[in-house]
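Look at the two complexes coming up: subunit A is in both, with subunit B in one and subunit C in the other.
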Partner chain A sequence: MERREVTFRIKRFNPKKDVRPYYQEYKLTVTKGMTILEALQFIKDEIDPTLAFRAFCRSAICGSCAIKVNGFPKLACKTQVFTELDKFKTSLLTLEPLDNMEVIRDLIVDWDGAFEKMKELKPYLIPDPKVVPDTLDEETRVYPEELKKYDKFTDCILCTSCYSVCTATQIDEGYGGPFQLARLYRFAVDKRDGLKEERAKIGYVYDMWNCVRCEKCADVCPKHVGPVDAIMRLRGISIDIGLKDNPGARHVLAFYKSLMESGLLNEVLLPLRAKGIKGVLENLPVGVKMILKGKAHSPIMKPISEHESLVKLMKAAMEVE
Partner chain B sequence: MEMVAFYPGCAAKGASKELYESTVAVSEELGIPLVELPQFSCCGAGVLEEVKDILDIVVNARNLALAEREGFKTIVTVCSTCLLVLKRTKYHLDNDDDLKEKVNNLLEKEGLEYKGEVDVKHFHWFLLDEFGEDELRRSVKKPLKSLKVYPYYGCHTVRPYEILGYEPSENPQSLEKLIRAVGAQPVSGERRLECCGFHAFWPNPKGSMILTGLNLKDAKLCGADCIVTPCPLCHMNLDANQGRALKEVGESFSIPVLHVPQLLGLALGIEPKRLGLHRNIVPVNC
Partner chain C sequence: MLTYDIVIVGAGGGGLYAALETSRCKGLRVAVLTKVYPTRSHTGAAQGGINAALGNVAPDSPEKHAYDTVKGSDFLADQDAVELMCEMAPKVIREMEHMGLPFSRLSDGRIAQRPFGGASFPRTCYAADKTGHVMLQTLYEQCIRFGVEFLNEWFALSLVHNGERIAGLTAVNLRTGSIVGIRARAVILATGGHARIYWKRTSNALGNTGDGPAMALRAGVPLKDMEFVQFHPTGLRRTGILVTEGARGEGGYLINAKGERFMERYAPEKMELAPRDLVSRAIETEIMEGRGFEDEEGNKFVYLDLRHLGRKKILERLPQIRELAIDFEGVDPIEEPIPVRPTAHYSMGGIDTDKFGRTSIKGLYAVGECGCVSVHGANRLGGNSLLDIVVFGKIAGKDAVESIEGLDFVSFPEGKVKDEGERIKALFNSDGSEKLSQLRNELSDVMSEGVGIFRSEEGIRRALNKVREIKERAKKLKVYDTELTFNTNLQQTLEFLNMVEVAETIALGALERKESRGAHSRTDYPKRDDEKFLKHSIIRKGDDGELRVSWKPVVITKFPPEERKY
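Take a look at the complex of A and B:
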């Protein structure tokens, strides 16, 4: 069995005792196949009983052991030490608590804020009396094609990995959060739900248009949920139900219009189309500089070759069920 | 070398004209036969998905199918968002037969079919795959010695790995390899994989500028002489909006931001004008 000497550099912090966080190093021999969680447990049992971390199921389903390994969130129970060493070509792993949340102690963060936000978004079924029967005598049937719309978004295990890396969460306190908004979408397309697409209004209030599409949530999710996909669809629903007079929706519709007109994005008209006169004025100084550097095309654009064919396809796509 | 389909994307045809110019110049120098298809449409930058899922897929399946119709094996793009959108379309079509059939039924009416034979690469991936770091180094005529370069990846060439699959999203090295190949020195920045906020610019300009400002500040902190990025959208925020972004984070310095082919082009000894360096908003002294 292959063995390696590994240094674990762990961020320690006890707010009751420590003025500021510090790093402590632990050296141990790790055998092939050992997980980060097993290494943490070994340290706690054999070297330092004061080390605090959260863990429960050890099967990547309870979501409690997410921590940062060399800067990226991982479920400690699902992540093997050797895989991470090889990825970073190192013999040292830095373990830290997740970001975007307060540290309770060492590797344990306070989830309350994230879960409070989730509760505010009402991510539970509010039964539609027209679909869900009053008694348990009958079932509500959900067919595979209907389930497909939200199936993957039900796989979330609330590990908060996505929330911890979310760029929009870092810059906007009012932002709903990735896993939270994904749950909201999951009910917006559930035929048993009473609010259904009206839920997009909740997403709107919780700044879903401020998602920067950094794709971090999709990349770090240990369950491949991809919250960003749900957020994009929730935005789409908001446009469908008429929430069109905002910069996010107008930006989307500007792209659609551009493609229908010429097949290419009309960048010059984008500020006006996305934000009206305000958009033009806000961007005027930069716009003038760009025009002077020859970085602007004519506002009237020549259509691409075979543009008619693109238009036909776009219209046909809009007709697809 | 086999011909490759060139998908410049809308930014390189407009607000980032210098990216188009420098890509063409570098390709001529290295003998890369780029063919731009006049039928290519805008990829929709991911926002078509917000009009309707299938619309985004159909528009980009058309782009992929056009390249296949003309017999190309590879599409090369210089925009990170175009890359992700095209790769995502390919990923969905290649992994969902029902979807592929549905989309092909629509494409068929326009004389097109998506077979799944064409691959999509970013220009700098293509350079590394075709030439490798060593061959690129040998092509360098004017090594950019002692230049400290901040490799700013941004988002859409690295995440999500499941779709892009080129290099580990946690520790990509392609830009560092290119920087070393031109004789310069990559600096190690904490925010090289952070977002610039471009895609939330319209709903949240302040947030977008804060993110860009923090990225610029990190580059300065690392002692970088310039930043290089593979994405014209990141470039727009870092270069054209630099003053606004720095103001949001209480700073006022200036740092040049180069597109990948501009940096490479300088090392290949190409005239700055052919690389469109005069169009960069923050002046580049070369």
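Take a look at the complex of A and C:
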């Protein structure tokens, strides 16, 4: 049975008592197969009963135990100590609370803000009386391919890992948040829902265009949900229902137009198309510099050689969506 | 002091369904108090599905569902309650479907159903292998829609009543550490199971510690059929984490070290889809008789083989199981069989209720795993627990709303809050000569040995004596963490004390029931004895602190007891 001596460096903080957070080290012998959560419970049982962390199901479904392990959000219950040691080629693991939320104590963060935001987005089915039967003697017919549109997004366990790394959340208080917007999308494509695509308007109000597609939410999701995919699709729906007169939509449409016209991105026209005259003025200093340095191309672009097949490909892709 | 019309303790499926039902009645002040956050509760870990005779895959009827349930229960379930549950099942399933629950579907758009243990037809509605998870999420979403109020991360301490009617409860707000009295005209307990007593090998969440039954016991409210604890046949080798019955429902094989599908010897007709009590005993017998596997750590196990189902089916129907097997056992079920062994899983016994969830105290209800109606009798069928919680959550919620109409609050003595404060203070001031982890492991060991899958007079007595010894020693447990904010040291200690109290009733019930029935298998009384024991055991704590056992008849309507064969 393989054993290793491991140092756990744990960030501790009780805002009621401590002036600032500090790190405390615990050394223990870890056997193969032991999870981070088992290590935490061992520390609490045998070394330091005052260590505070959350845990419940131990089987990666309740979302209680997400913490940072060497800087990356992980569910403590399903993360094996040896795997992390090998990954980082180390015998020391740093455990910290998730970011983007206040620390209540040690590894426990305040979820309320994140969940309140989700509540504001109306994350529940409002049955469409035209689709959902008004009697309990019948079920709604939902075909497997219709379920597929949102099935993946119902895997979310609200562990807030994505929220903790979200760059848009960090800078924009009005931003809906990754798991929150993903849930919004889930209902936007459920035929049983009374609002359906209208929900994209909620996404718009909650700054969904501020997502910078850094993909961190998808990287850290322990259930492979990938909130960013949902946000991109929700943006698409918003354009479909006519929410086109905004910088985000115009930016996307400018890309689209550019590709349809020539197959290349027309960077000279992009600011004009996305933000109008304001965009041109904003970008003017950079634009002038680029022209002077010979980096800007002509606003009139020739289509690429295989432009026809590109257009075919794009149309096919849109049909699949 | 807080005041609500109704307080629901626990935010799993039972608690949330009750809350939704109460929210239909506008103007009532209702709160759901939970020691975690909603959607963390253990309902979410239910994987395989929920039974209802929809007849979408094969012709079926609530009556056949009721028969299978009663037979599965080894005829200890109350048949009127079972009939009610099975009758309501299709409607409740459709109600949740209308709320947005993402059930898996047949190609014609109707809800898909899979075979499950002990059922005559494919009757188990499911959402891949995350049924409980999506159910909990859907119910929570609807609670948000209807503005249900939550007290998140509050831990219930005691029930307050005047001998006839409920007055409320006391609880500690884990975030602030303050102990609060909460007045209520009705209290619905939905605190879940207590299989965490078998700490070292259970499928349960860390918090399934029997808080509801323990509070009820301390308040003089009777518990029922506590001796019946279900061991799920397929827990992962190392951790006891659940591998859904759906894995066998989809066609998985159980294989011993000789490469045999050994269920042939125990249930030639149903094979792997026999009820859980029978399959668990079969696996343990194989291991005891030397036909199991053993790893280098000394873990004994058999294999659950899914390989013949093929990659596509495993990825589509059992994706989470595949991940659990990879994450926790390092085994990909597409390539290799999964090492499994029975794991403490479900508490058939609980707070004694009628089919409305009512207890002996007016206004106090219990629903789901913390209660005992009884619809599961001596052994619960897979897919019936999710059904139990939603059906009886709904019924109790409705009944609570109706029953408090015109009723005033009962007086709530302030001293009750102080009492709990004193009880907790004593834990800080104790000498600490006993250690929590040590006692927890001892309790787990003695319960697994004496009151586990196989039981005998001698073993049960040893367990009972040891549990009583642990209960005494537990008085010397000390809470070392003196902070008010999130004192999880205190919470874990209180949870352990609840477990010890409940453990004693399990052992006592097991001692008194001198027969084998369902999950209660006595080697010294290997036969079911309907003449003496076709009845529910009732355990109540007297004012003197002593536990007393009495018996209550089983309600039999349509299905006369018969030999149980599969």
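One rule holds in what follows: the second predicted complex is superposed on the first by the 311 of 321 C-alpha atoms of A that agree within 3 Å, B and C clash if a C-alpha of one lies under 4 Å from a C-alpha of the other, contacts with A are read in each partner's own complex, and residues count from 1 in each chain.
Convention: a contact is a pair of C-beta atoms (placed from the backbone, for glycine too) under 8 Å apart; a residue touches a chain by one contact, two chains touch by 3 or more.
The structure presented is a predicted model; accordingly, all values stated were derived computationally and were not measured.
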{"item": "First (subunit B), second (subunit C), both or neither touched by A:G194", "value": "neither"}
{"item": "Partner chain in contact with A:G33 - subunit B first, subunit C second, else both or neither", "value": "second"}
{"item": "Partner chain(s) touched by A:P21 [first = subunit B, second = subunit C, both, neither]", "value": "neither"}
{"item": "Partner chain(s) touched by A:G113 [first = subunit B, second = subunit C, both, neither]", "value": "neither"}
{"item": "Subunit B versus subunit C as contact partner of A:K216, first or second or both or neither", "value": "first"}
{"item": "Touching partner for A:F53 - first (subunit B), second (subunit C), both, neither", "value": "second"}
{"item": "Which superposed partner A:S258 touches (first subunit B, second subunit C, both, neither)", "value": "first"}
{"item": "In the complex with subunit A, residue positions of subunit B that touch it", "value": "10-11, 13-18, 38-42, 44-55, 57-59, 62, 84, 102, 106-107, 109-110, 155-156, 158-162, 168-171, 194-195, 197-200, 202-205, 207-208, 210-211, 240-241, 244, 278-281"}
{"item": "Subunit A-facing residues of subunit C, complex", "value": "36-37, 39-42, 44-45, 54, 90-91, 93-95, 97-100, 102-111, 127-128, 130, 133-134, 137-138, 141-142, 144-145, 175, 205-207, 238-239, 241-242, 296-297, 320, 323-324, 327-328, 330, 436-437, 479-481, 483-489, 492"}
{"item": "Contacting residues of subunit A [partner subunit C, same complex]", "value": "1, 14-17, 33, 44-46, 49-50, 52-64, 78, 80, 104-106, 108, 111, 115, 119, 122-127, 132-133, 136-144, 146-147, 150-151, 154-158, 187, 190, 192-193"}
{"item": "Touch list for subunit A against partner subunit B, complex", "value": "70-72, 87-88, 167-168, 171-172, 207, 209-216, 218-219, 224, 226, 232-233, 235-236, 239, 246-248, 250-253, 255-256, 258-259, 263-265, 267-268, 274-275, 279, 282, 286, 289-290, 293-297, 304-307, 309-310, 312-314, 316-318, 320"}
